[in-house]
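First comes the structure, then the notes that go with it.
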Amino acid sequence: MGSFFGTVFRVATWGESHGGGIGVVIDGCPPRLPLSEEDIQIELDRRRPGQSSFVTQRKESDRAEILSGVFQGYTLGTPIAILVRNTDARPEAYEEMREKFRPSHADFTYQAKYGIRNWEGGGRSSARETIGRVAAGAVASKLLRKLYPDIQIVAFVSSIHDIDASIDPLVVTREMVEANPIRCPDPSAAEKMAERIRQARSEGDSVGGVICCVVKGVPPGLGDPVFDRLEADLAKAMLSLPATKGFQIGSGFAGTRLRGSEHNDPFVPGPAGTIVTTTNHSGGVQGGISNGQPIIFWTAFKPTATIAKTQQTVDVKGNPTDLAARGRHDPCVLPRAVPIVEAMTAIVLADHSLRQKTVDVLPPLPTSNPHRSTQSQI
Amino acid sequence: MGSFFGTVFRVATWGESHGGGIGVVIDGCPPRLPLSEEDIQIELDRRRPGQSSFVTQRKESDRAEILSGVFQGYTLGTPIAILVRNTDARPEAYEEMREKFRPSHADFTYQAKYGIRNWEGGGRSSARETIGRVAAGAVASKLLRKLYPDIQIVAFVSSIHDIDASIDPLVVTREMVEANPIRCPDPSAAEKMAERIRQARSEGDSVGGVICCVVKGVPPGLGDPVFDRLEADLAKAMLSLPATKGFQIGSGFAGTRLRGSEHNDPFVPGPAGTIVTTTNHSGGVQGGISNGQPIIFWTAFKPTATIAKTQQTVDVKGNPTDLAARGRHDPCVLPRAVPIVEAMTAIVLADHSLRQKTVDVLPPLPTSNPHRSTQSQI
Amino acid sequence: MGSFFGTVFRVATWGESHGGGIGVVIDGCPPRLPLSEEDIQIELDRRRPGQSSFVTQRKESDRAEILSGVFQGYTLGTPIAILVRNTDARPEAYEEMREKFRPSHADFTYQAKYGIRNWEGGGRSSARETIGRVAAGAVASKLLRKLYPDIQIVAFVSSIHDIDASIDPLVVTREMVEANPIRCPDPSAAEKMAERIRQARSEGDSVGGVICCVVKGVPPGLGDPVFDRLEADLAKAMLSLPATKGFQIGSGFAGTRLRGSEHNDPFVPGPAGTIVTTTNHSGGVQGGISNGQPIIFWTAFKPTATIAKTQQTVDVKGNPTDLAARGRHDPCVLPRAVPIVEAMTAIVLADHSLRQKTVDVLPPLPTSNPHRSTQSQI
Amino acid sequence: MGSFFGTVFRVATWGESHGGGIGVVIDGCPPRLPLSEEDIQIELDRRRPGQSSFVTQRKESDRAEILSGVFQGYTLGTPIAILVRNTDARPEAYEEMREKFRPSHADFTYQAKYGIRNWEGGGRSSARETIGRVAAGAVASKLLRKLYPDIQIVAFVSSIHDIDASIDPLVVTREMVEANPIRCPDPSAAEKMAERIRQARSEGDSVGGVICCVVKGVPPGLGDPVFDRLEADLAKAMLSLPATKGFQIGSGFAGTRLRGSEHNDPFVPGPAGTIVTTTNHSGGVQGGISNGQPIIFWTAFKPTATIAKTQQTVDVKGNPTDLAARGRHDPCVLPRAVPIVEAMTAIVLADHSLRQKTVDVLPPLPTSNPHRSTQSQI
């Protein structure tokens, strides 16, 4: 029962890497949203395998079919079902995984939990599962752009292995991200990252890295204390992605080394009667609620577990053995994970945007103050 | 609607720092669990204010009263309601907050979201809210110890400001943690941390830090892909705590700088037919599911936002002003956050333990293998 | 985990008849709603025991205390916790139930489900549990009156045993209902019902009946196909009440004996550009969504299970025995169930009202038609 | 957000009558359940249109495709997605509905709620939506039979219009139900019902009726007080079906005319140390929890709203008009509703069966009694 996500904007994803397909059902998307298969395809194409030499060479066109919930180009308010067929499945490449547990992969834990597993290509634990998230994220993004015309959700690769991009996250645009196949907006770092990935691949190895995500144009007020704080739901969304090991927002772990007087973000009057902060150690969220500043967070992705190098492991009977993975896999998941991070971010924000519609329903208090007006934008 | 948490072991917390009290309702706790108010009081006493000079001097006895769900010393299976009264509220100390937004606190965002706020002591955004979590965590811990007799959940302060403890997390015991008021099991670091906190307080300032949490004795199989992966629910639980800015599990952010061949945890046969790993970069979770190794993760806490130093801010009308906080507050939340981290960890694990009971209900497959037996421990 | 209810306007009730008290936590109530303990007390007084000779003589003042979520007379948007203490508990009257299962009561099934039960007065299965519902219903009603100023929720006793009230449900007002202790707006029937209850009590017996509920002033658009149709959530709400055995809406069971051409409700233009129906066999709901006509439904309550007459049963060891119940109980629950039916109705409608706020968020379609305007009232 | 149902055994249905298809995602089905497309097809064939002259003549083969969650004939524990394509859509037959609201159908309320509607054949409000429920019900049934080998869920038509079957519900078998196209196990009544339906159809009219459902072989202990009482969840499930107007369990509305001493079900020792009742006015549920006796309930279905007879209505601009429905529709939905009632019953019971696995996890109380043993069957 872990494949349902969200409270109002709800998604249910399904599918294994080597079954009939992958998909998602979205319930709670408001009616009257213009939506086409093309809206979804654009995002799916960004996560598709085979885009460059840095990612898996599996050949999947990953065509999205909208099966329900859209009529004459608009959402109906009823569930939106989206299907992507699997076509280039080659289960024979995984025959060895039937008998052996890949180190640091999900083979052993799926077997321990379920007492059965689809060993053809990783089954449900395959990153192919994220197709449903990306499709739902495309719908969420479309909704968010209708609700907040200025919203921008931009993720990018900020490090690969020990190579760090040198860039101000706040100036990054999607164009800068898409300018190279690494999806790192610092071209010089991107080149080094590409070389590092090539090298890892040639050695039958893999590398990880960090993705940064920035959201601009979200009004104050999103997030629902205490358990559904905005950063809590973002953290859950990120750590629910395959291969993630960490999340930090605003000042993150480094901020623990500052003093309160250094870390606090002073408030000052902003344009048009708004209130803004002069620094953003908070990362756009205070007390679990967006404060109108850019939301900025980082997600750590470990090096891909499936590698061609020979590794020590055990077989399903528990006997020691070794394994050199065949099958097609990414030597580095980060370039393709960029649209996935954006998709999960959009899903969380769409959900909280609709939730806030249930909060702001009664008239202002009699003794109003001007800053309640910020809320009416929500 | 953000104050409900959990799927099977469900908690609903409530309360403000300066209302009638704080509490929690737990629904879904199994019947026949021995439970007394003392079980809860022990944990509440660990988070209580006024324990040492390093924490807020608010005087609260924080006595837990079980109002329902327990009969003759055993849980009934019906909701367990726990109430802690507020007694030492001094709203007058907060009069200034009525008109001014504390930097990096939740005053502004609560006002933006709700168009009203309880300005007496932070209201719902006060760390006093965590009493409900600690009470529920005490019940969850009791349940977990019945389900897994060997389970140990131990959190401790691993850094304060720029002082890092030097300790192997796997050897830390609760006794070592409780041996000093900082709750850092490295006595030499603890002394320096104490001095650093004293200094920050004396300067009207505050410091943050990192808490490490280790869980031993959890069987393989807990966690529910894809959205409710164990690390995802732990990340949400931690980021839902006040003042948190980051979460990492296993190798975390540092792990992104390793190669796959270095990062992967080789499987080897373990004692009694089990399968274990020789390293634990995974932090006890693979594919979103516990693998039987120790679960280890870190949570970053920013320096306390409320400080006595004068800070730049705006008033509720948006005019620039400054503020030097009065009221009682912690110069460093970490010592008191240790039991809170443990409580949220216990709640997540209790929920997933019960969820797993709904997974493992049918007989093994005809072609069984010995490692399915690991699951029967769950 | 059955004590949580609702999706946006969420309630968590707790408490046994003979524990520390009874209460409710409401999460998701919007901020800025005027709310006082008196608002809740008015409704609690209507369900309180000891109001007349027709109901249990247990003496409980049932004073509501709001513990959180309200500040200076307004809701904060944070959880509202309400507590009612138990005071007149007399567990000794129930000593016999420790060893014997009352026929058609919950003693046996609670024992079978939980392997433990609070035998003092019925525990969680006692109708005293409904205090939490009535308190939450009072909050929901207050909210609904703010959202829809013309809304009226009026329930009344339409039959007791074989005595049927003769009254047009649409003309019934709360004043007519409260005019007699039976809460039947047909005074002549009410008198006969009173006599029938008196007689049953004098013979150590009990009687049941039917409660009708009418809701006027709800706009079209509430209800969420397919599973959360408005009538589905009302049916669940009613059948979740103790002692209920049936629910029907509009034409109900009798409507199955009509033809489609007789049963269909013709549409005609209504006042102010609205669309109305000339009949209301639908009971105000079509396709699971309110149509703006009065919502009308009936709930069947069985005769009280606990009776003074000697009955055949078994003891907890399974041996045949007999039982003549002591303890204080209602010979007929219906008069006191009227406010409970209204409360659950209000909770369902408050939840769906807030849910609809998440539906109606995007602009009308370009090719609009005038009847979309009915929705803007929602 | 009304298309998700269930707490542990969760379903998400989607699809309109004239879109790409209809389907369901089931999350929370335990692993290792044998499952094939044939298991699902059998049930879909029972609800398929065109089976007899009494139902709609739409030609749909309604072939189920399992897209995920099953591997080599067994469930994986991951989401099971099932797809049924629409093939015989004839939207042109519905052109008139674009401009006119069918009386007592969902056209007007969908328009009022969503501000848009799929007017081709009823869209999401079409009974075709129930395909997803029947598919999920087939999986739930398979699971229940593994958990409780003796379980039987049998629904049948107990009345059509004013013709009542004369049969003891407890003796009805599926064979008796399937013996005639009306699905009424009283052959003589079935014949009259058939004639009544034929007559209604020939007159361009429709008829309704009542379906009875009996569940045998469920152990004591299922159901979750207070809101998720078993009868509450069954009532919601039934009232969530198209065209339903009422639900009653056990003695139902008629039981309100009995006295407590007549209505109570005496307990007596049963076979093999069990406890049984001599009557079953409770309908198998007491205090919201199954008591081991047969669960028996009735659901009222109104006459089909779409009829060929000319009816008074309004157009989408609110102007009076009239309408004689074209399109293919059932003059009586009851024969095809029988498998749908069974499906929803199975879904509710599967969910509560798995929920009970989270209740019965701790050892019996020290002072045990023999009747706790009944629980171990659960």
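We just call them A, B, C and D in the order they show up, numbering each chain from 1.
Following the convention adopted for this analysis, a residue touches a chain if its C-beta (ideal position, glycine included) is under 8 Å from a C-beta of that chain, and two chains touch if they have at least 3 such contacts.
All values reported here derive from a predicted model rather than from experimental measurement.
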Most distant chain from chain C, judged by the mean position of its C-alpha atoms: A
Gap in Å, rounded to a whole number, between the CA centres of chain D and chain A: 38
Gap in Å, rounded to a whole number, between the CA centres of chain D and chain B: 44
Centre-of-Cα separation between chain B and chain A, whole angstrom: 25
Per-residue overlap in chain D, given as positions that touch at least 2 other chains: 1-4, 7-8, 13, 28, 31-32, 74, 77-78, 113-116, 124, 225, 355, 358-360, 364-365
Topology of the chain contact graph, where touching chains are joined (line, ring, star, complete, other): complete
Chain B - residues contacting chain D, complex: 7-8, 28, 30-33, 74, 77-78, 146-147, 225, 354-355, 357-365
Interfacial residue positions of chain D with respect to chain A in the complex: 1-4, 8-10, 12-16, 19-23, 25, 27-28, 31-32, 65-71, 74-81, 83, 113-118, 123-124
Sites on chain A touched by chain B in the complex: 1-5, 7, 13, 101, 103-116, 124-125, 129, 159, 161-162, 200, 204-210, 220-229, 231-240, 242, 244-253, 255-269, 273-275, 277-278, 281-283, 285-292, 298, 300-305, 307, 309, 311-314, 316-320, 355-356, 358-360, 364-365, 369-372, 374-375
